[in-house]
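In order of appearance the chains are A, B, C, D and E, and numbering begins at 1 in each one.
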Amino acid sequence: MAADTGTAVAPILAAEHVSLRFGGVRALTEVSFEVRRGEVFSIIGPNGAGKTSMVNCISGRYRPTEGRIRFDGADITRVPTRKRAAVGIGRTFQNLALFGHMTVLDNIMVGRHHLLKHGFWTGMPYWLGGAQQEEIRHRREVEEIIDFLEIQHVRKATAGTLSYGLRKRVELARAVALKPKLILLDEPMAGMNLEEKEDMARFILDLNEEWGMTVLMIEHDMGVVMDISHRVMVLDFGRKIAEGTPEAVLADPHVRRAYLGEADEVVHDLDEPVTA
Amino acid sequence: MDWSLLLQLTLNGLIVGALYGVVAMSFVLIYKASQVVNFAQGEFLLVGAWVCWWMLTEWQLPFWAGFLFTLAFMTLFGIILQVVVLRPLIGEPVISVIMATIGLGIFFQALMKWIFGVFAKPFPPIFTTERINLLGLEVQTVYLLSLGISVLIMAGFAWFFTASKHGLAMRATAFDQQVAQSLGVSVPKVFAMSWAISAVVSAVAGVVVGVVNGVSSALSFYGIKVFPAVILGGLDSVVGAVLGGLIVGVLENWAQYLDANWLNWGNMYSIAPFYALILILLVKPYGLFGTKNIERV
Amino acid sequence: QPIPLGHLMDLSGGTSDVGTPFAQGVNDTFAWVNKTRNGVAGRSVNVLAHDYGYQAPRAVSQYQAWSRDRVVGIMGWGTADTEALVRFVTRDRIPYVSGSYSAALTDAAGKSGRQGVEATPYNFFYGPSYSDALRAMLQWAADDWKAKGKPGRPKYVHMGANHPYPNSPKAAGEALAQELGFDVLSPVTFALTPGDYTAQCLTLKNQGANYAYLGNTAGSNISVLRACQTAGVDVQFLGNVWGMDENAMKAAGTAADGVVFPVRTAAVWGAQAPGMANVQAISRISDAAGTAYRPVHYVAGICSAMLMVEAMETAAANGGQVTGERIRDGFYARKDWIPKGFEGVCVPSTFTANDHRGQLNVTLYRSRVAGDTSQGSVKDLVAAGTIKLEPVTTVALPRKAEWLGW
Amino acid sequence: MSAALQMTASSALLEVNNIEVVYNDVILVLRGLSLSVPQGKIVALLGANGAGKSTTLKAISGLLKTEEGAVTRGEIRFGGDRIDGIDPHVIVRRGIFQVMEGRRIISDMTCLENLRLGAFIRSDKEVTRDIEMVYSYFPRLKERTGLAGYLSGGEQQMLAIGRALMARPKLILMDEPSMGLSPLLVKEVFGIIRKLNEDLGITILLVEQNARMALSVASYGYVMEQGKVVLDGTAEALASNEDVKEFYLGGHGAERKSFRNLKSYKRRKRWL
Amino acid sequence: MPSLAPAGDYRSSYREDMTIFLTRNSRIGLLIGIVLVACAPLALGRYELGLLINIGFLGIAALGLNILVGFTGQISIGHAAFFGFGAFMSAWLHERWHIPVVFCIPLAGIATALIGLVFGAPAARLKGLYLAIATLAAQFILEDFFARAQWFTGGVAGRITEPFELFGWRADREESYLYVVLAAVIVMYAFAANLMRTRDGRALVAVRDHYLSAEVMGVNLAYYRTLSFGIASFYAGVGGALYAHYLLFVSVEAFNILFSIQFLGMVIIGGLGSIMGSLMGAAFMVLLPEVVQVGADALAGGAIDRALKLGSSISFLREMAVGLAIILFLIFEPNGIVHRWQLIKAYWKLYPYSH
């Protein structure tokens, strides 16, 4: 399963000794890792380990207290959040963060924000000045994303009334609309049943393999993590305790203790033979 | 520099400011329970003052009886308002509720003028010694009394919100009504309680101001004065409200001093608190004591 | 076919405390004229009354509605709105009797050459102008100072809101005060609404003012009076003509004791005068029982309205049309004009095409309040003598050309 | 029809009979749903996203009212009394407590205050003791003294469950308690759920996506689709049902399909 | 997933799918509306035309406020002050610089937008009600400025303004000025509708709904929060300028807090976040006092009149009616007139299958 991504390729993302403190709480301590171009990279770890905090540092919500984050070779530690979309980072949120009163379509169109050029000066006289053309052009691309994620039937629905699973999908669509090089997914499968997880897994794989996006994912479902990630990092109490291929990481006794608990029925799922 | 005048002005500011503080507290109470900014706060003062005045002059009740009646009336008033107007709005966006309080304000302002006329009416004399000399400043006895009341009310509020379970329930309701309900909190009851308390406390202030200046619809201006006070303190802080009130009171008086001696613009007394408000917000977006929103994704 | 006449009232705004009795006087008068005199020249007067809440823009918008309805004249109210409407009424030739006695409205031909003062050929009012009334009070004050034999120069201060009405006599008063040997202090501002004005009073006390002009209406003036009483300010207040009346004396209690202010009728309610019977008849229009006490502004409202009535009658005389122009000329038709049947109540006025200063004799009264006023009606309090209007003096001002329009 | 109705009414603590739920007067979400929860048991409610599971729970707890939803047909009985249409805060006092989807802790209060609020309906003296009990279930909550809003997702979930315990309810409605929890904690939480049921005798209606876990603790289960129950039976029976295995448990027997090899085809069985 | 898209919806290109009006009927309805208003001088008296004009310029300003409150979620309690600024600015531009009124009106809008940006600057940092109260301060500070800036506003006495003029065509009567306002309404409403379906409009709403995730999408929060103030003020300024050249007199007294509150009322009664709702809300607020007046006139002279002193209390009754109307509206139709309207339409569309 291991990725064909050799180390020769420069990593798309590199965290260097990132630490993050909130008052007395040490959310992250000296975390370093690299995400290679084109891979699916997962972060796992117990609740409160600092996974979301790490993603927040990458997407700019939080600024690391110490350390640096490089993206595509450039240091983005101090780049403001709003500029990271243009840099090429998109994300979804652990607790849904859609624009509840907008339609699904508009939600996704907001994802195009940094790609659109026409502001209010030219937007107000819509028919003159090309705003209309631009809208149509992007609408076409957005429809492709909608098709891909199979949410055609709700494109005009108000996002706030959708069921949980659909909202998650819309959120993914919105992140994809950004045309990111790296997409950060914070527990994309939480709250989904098996079937939906399967769908979501398929979307993620497609994004990765066909749309060419690098994926950084936080997920608690070990089945998913095992199956679709190339490499896994484990955080515990804000520190990196392991990194490597899924198999290697899950075999690590430290990880088993901290994250999965002693080998018993929870883990036996993962130990089952996988029909390939 | 005229130190004795400045001292007197400061003292005067503190005394009036304490009253602002009382009104600000009752304002904060509603905010804490429902995130609603009550634009009818001034009208609560007004209604309370008129009712008390009515009891004292038309029914010739002794002050204490009229005052107690007023408090009872205002309790009822707050509850009825809540039941009739605000309960149907539970679950609606906060701005709708705010707008409803604006509607209430407009309504009661006009209603009071309609019933009681537009002329300021004096209270009968209540205290045998009408004023007391405090560090060279002649102060009305009621004002001093109100100072005592403010301290009491403030202590009561502080206890209520941190130690009592109803205080907690109120905060929970403000945060998320659905969650509060799921915990067994009756949102309507919480609101009724907060409106009743708020109405009563404002009425106390209304009566005090009425005794000092006479009752007129201008009393409702306290409802506006309270904004700089609560913002300075932070919308959801009881202690902040009182401090904010005191600051605004002193500020007005100092502004008057500045104006009379140097600027001669003639408007600083009334406008200075608003400049202060803007300045404070630029430095501290949540006022001096307000709690910051939690921004976590 | 009735004659349309506009009537702008303030029953709900910043000056409604005095606006209400005044408007009542005006309305009752026209109703009385319609009832007992069969209107003007056989046509009833259709008074279109509008409460504009003392907001000039609303007055202007109402005026525009009326100008479409072709009113022949307007009974107006405030300074801000009257001054804003000057151009309009001049253009539309609509005589306008205001409750504003701003001196700027008296320069009928615009000959004063003062900056910002326009010709006001259609504006009239009943009473001495604010400036002239203040001049009279200042002269009295100068005499008073001398009579009391106090040392040094007296200090004078102008108090009032930043609003055209209190501002109107400010410059004129300060100039004359200077001339009369007062030290003029920087003015004190307080809003047109009641409130706590302790800070202002403390300043006043600190500055050591001896004479203070109260430019606002009763409602806010009493707040100042009470606050200054509490603060122990020792100052002689000079009230504006709208600044003091029986209601205010009741509301302010002993704080109002001693305020000197102009009264622009020859008699107050309850006094003996030949014209009083008619005044009482008018009062009964809105008070059938005849028990109400009418404050000075009510009576002034009657006199103002009667000027309009008689000017309209003059216009209609000899089969004439009741047009704006002819009504205006009606104001010029008499000298020392007292509306018929109101002798001893209304004070004589004289208007000329160049000079709309109708009155230059200013009668000053002093308010006397002895004891608690919170219980009992104004009527009772006056009857019991707790509230008294005490005549002080009448000052005859010269008709100085340089005071025209100022 | 289903086994739900065969279960005798006498032993059922909660009974939902043929209810219909409409949002905003127009959107029909539940279409004649029935289920029953026997006293002292754990019952699982499974179903796809949007099937109406949360709506069912909200209908029971009365919280539907706060979302412009209404039960337009059918009845809900708790301990024999009808509770549909009753205000949510009254229902809590009767002994039904809902742990809502998405945790919903009060983020500008501390953990302790959240827990104390859980006990809002109680006025006995044992609140402090129960707080200690909650801390013994979730020790890490004791260490977090700051505002609850800064807790991690999992910590918030613990707090939400702890808060429910504070009310000492007869019936807890749990909406996806394992969402966002690490495997270790999922195990813990289910352990706790089982313990609550066994030690304290609390009846639980459990909505879960983690069907495997849910069926392992539940004694009976329902499967919902499009607002109706399409399948029900004992936990064992469901666990061995082929369709349930295929769509909810994800394995035929001991095998598990890899998420990687599902690509391009779409299997989707619908009962309706 | 039940969809509320109208039946008979056969759009096949994205361009068609992105029109402002989803059905042909609504487009035709709008056209008819415009034509009706344009023909109004044939049928209505000057008084009624005056009401229409009022609805027009207030509707423009209300739309601005709706963009701020309804779309961006920032409450402003100082809208009247900006409206006033536009009025004074237009009057001043004309008088001081002799700029033709046609140009003064948009220029006043732009100048007001700049002032709005200044006062909106705190918006970048302030949240929710703190911001609302900052705008309250702006209201008082601006009022104070108007009262004192003699050179600009004419001070407390106010300032006379000149009527609208274009190539010698003077619109100084209701019959003619109606067209000026109508044109302005059409342009301003079209602008707003366009704005909301392009990048910046969506960004504004995104900031309201979830500013944290909006930021991740590349939306500059500070910029848009401030911008929405600018846009709202622009609309207020244009509305105010139209007002100034209609009334021909501007004075600080008009632009008080009560007026600001009435703007809020229009927006909420019309429907938060609804473009056409703003106009409906304005119409409601303009017509309501008239209805009360008519009611009082009908009762005039009767027993009720005497008992309640209707004649002399009419101002209070009007105010009470306004207050009451706001409250009743919120209770019975919290989503505004527009929502009621949509429900009626939806009902007929789905009839007889309402579920």
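Basically, a residue touches a chain if its C-beta (ideal position, glycine included) is under 8 Å from a C-beta of that chain, and two chains touch if they have at least 3 such contacts.
Bear in mind the structure is a predicted one, so any value in this text is a computation, not a measurement.
Chemist: If we look at chain A and chain B, which chains touch each of them?
Modeler: Where chain A and chain B share a partner, that partner set is D, E.
Chemist: On the document's contact criterion, could you list the chains that touch chain D and likewise touch chain E?
Modeler: A, B
Chemist: If you tally the C-beta contacts for B-D and for B-C, which one comes out higher?
Modeler: Greater number of contacting C-beta pairs: B-C.
Chemist: Look at all chain centres (mean of CA atoms) and spot the one farthest from the centre of chain B.
Modeler: A
Chemist: Could you put a whole-Å number on the gap between the CA centroids of chain C and chain D?
Modeler: Centre-to-centre distance between chain C and chain D: 77 Å.
Chemist: Express in whole angstrom the distance between the two chain centres, defined as the mean CA positions of chain A and chain E.
Modeler: Taking the mean C-alpha position of each chain, the two centres sit 42 Å apart.
Chemist: From the mean C-alpha coordinate of chain C to that of chain E, what's the distance rounded to whole Å?
Modeler: Distance between chain centres, rounded to whole Å: 39 Å.
Chemist: Once you find the CA centre of chain B and the CA centre of chain E, what distance in Å lies between them?
Modeler: 32
Chemist: Please set out, as single numbers or ranges, the residues of chain E touching at least two other chains.
Modeler: 147-148, 212-213, 313, 315-316, 319
Chemist: On chain B, where are the residues touching two or more other chains?
Modeler: Within chain B, residues 113, 267, 270, 297 contact more than one other chain.
Chemist: Indicate the residues of chain D shared as contacts by at least two other chains.
Modeler: Within chain D, residues 27, 150 contact more than one other chain.
Chemist: Considering only the defined contacts, which chain C positions touch chain B in the complex?
Modeler: Within the complex, chain C touches chain B at residues 11-12, 16-17, 20, 162, 186-189, 191, 193-196, 198-200, 202-203, 206-207, 218-219, 222-223, 226-227, 230-232, 247, 250-253, 372-375.
Chemist: Contact residues on chain C for chain E in the complex?
Modeler: Interface residues on the chain C side: 11-12, 20, 23-24, 49, 51, 53-58, 60-61, 64-65, 68, 80, 83-84, 87-88, 162-164, 167.
Chemist: In their complex, what parts of chain E are in touch with chain C?
Modeler: Touching chain C from chain E are residues 46-47, 50, 147-148, 156-158, 160, 247-251, 253-254, 311-316, 319.
Chemist: Under the stated contact criterion, what part of chain B meets chain C in this complex?
Modeler: Where chain B meets chain C, its residues are 2, 5, 8-9, 12-13, 16, 57, 60, 113, 117-125, 130-131, 137-140, 209, 212-214, 216, 218-219, 221, 252-253, 256-257, 259-260, 264, 266-267, 269-270.
Chemist: What part of chain B is in contact with chain D in the complex they form?
Modeler: 91, 165, 168-169, 171-172, 175-179, 181-187, 291, 294, 296
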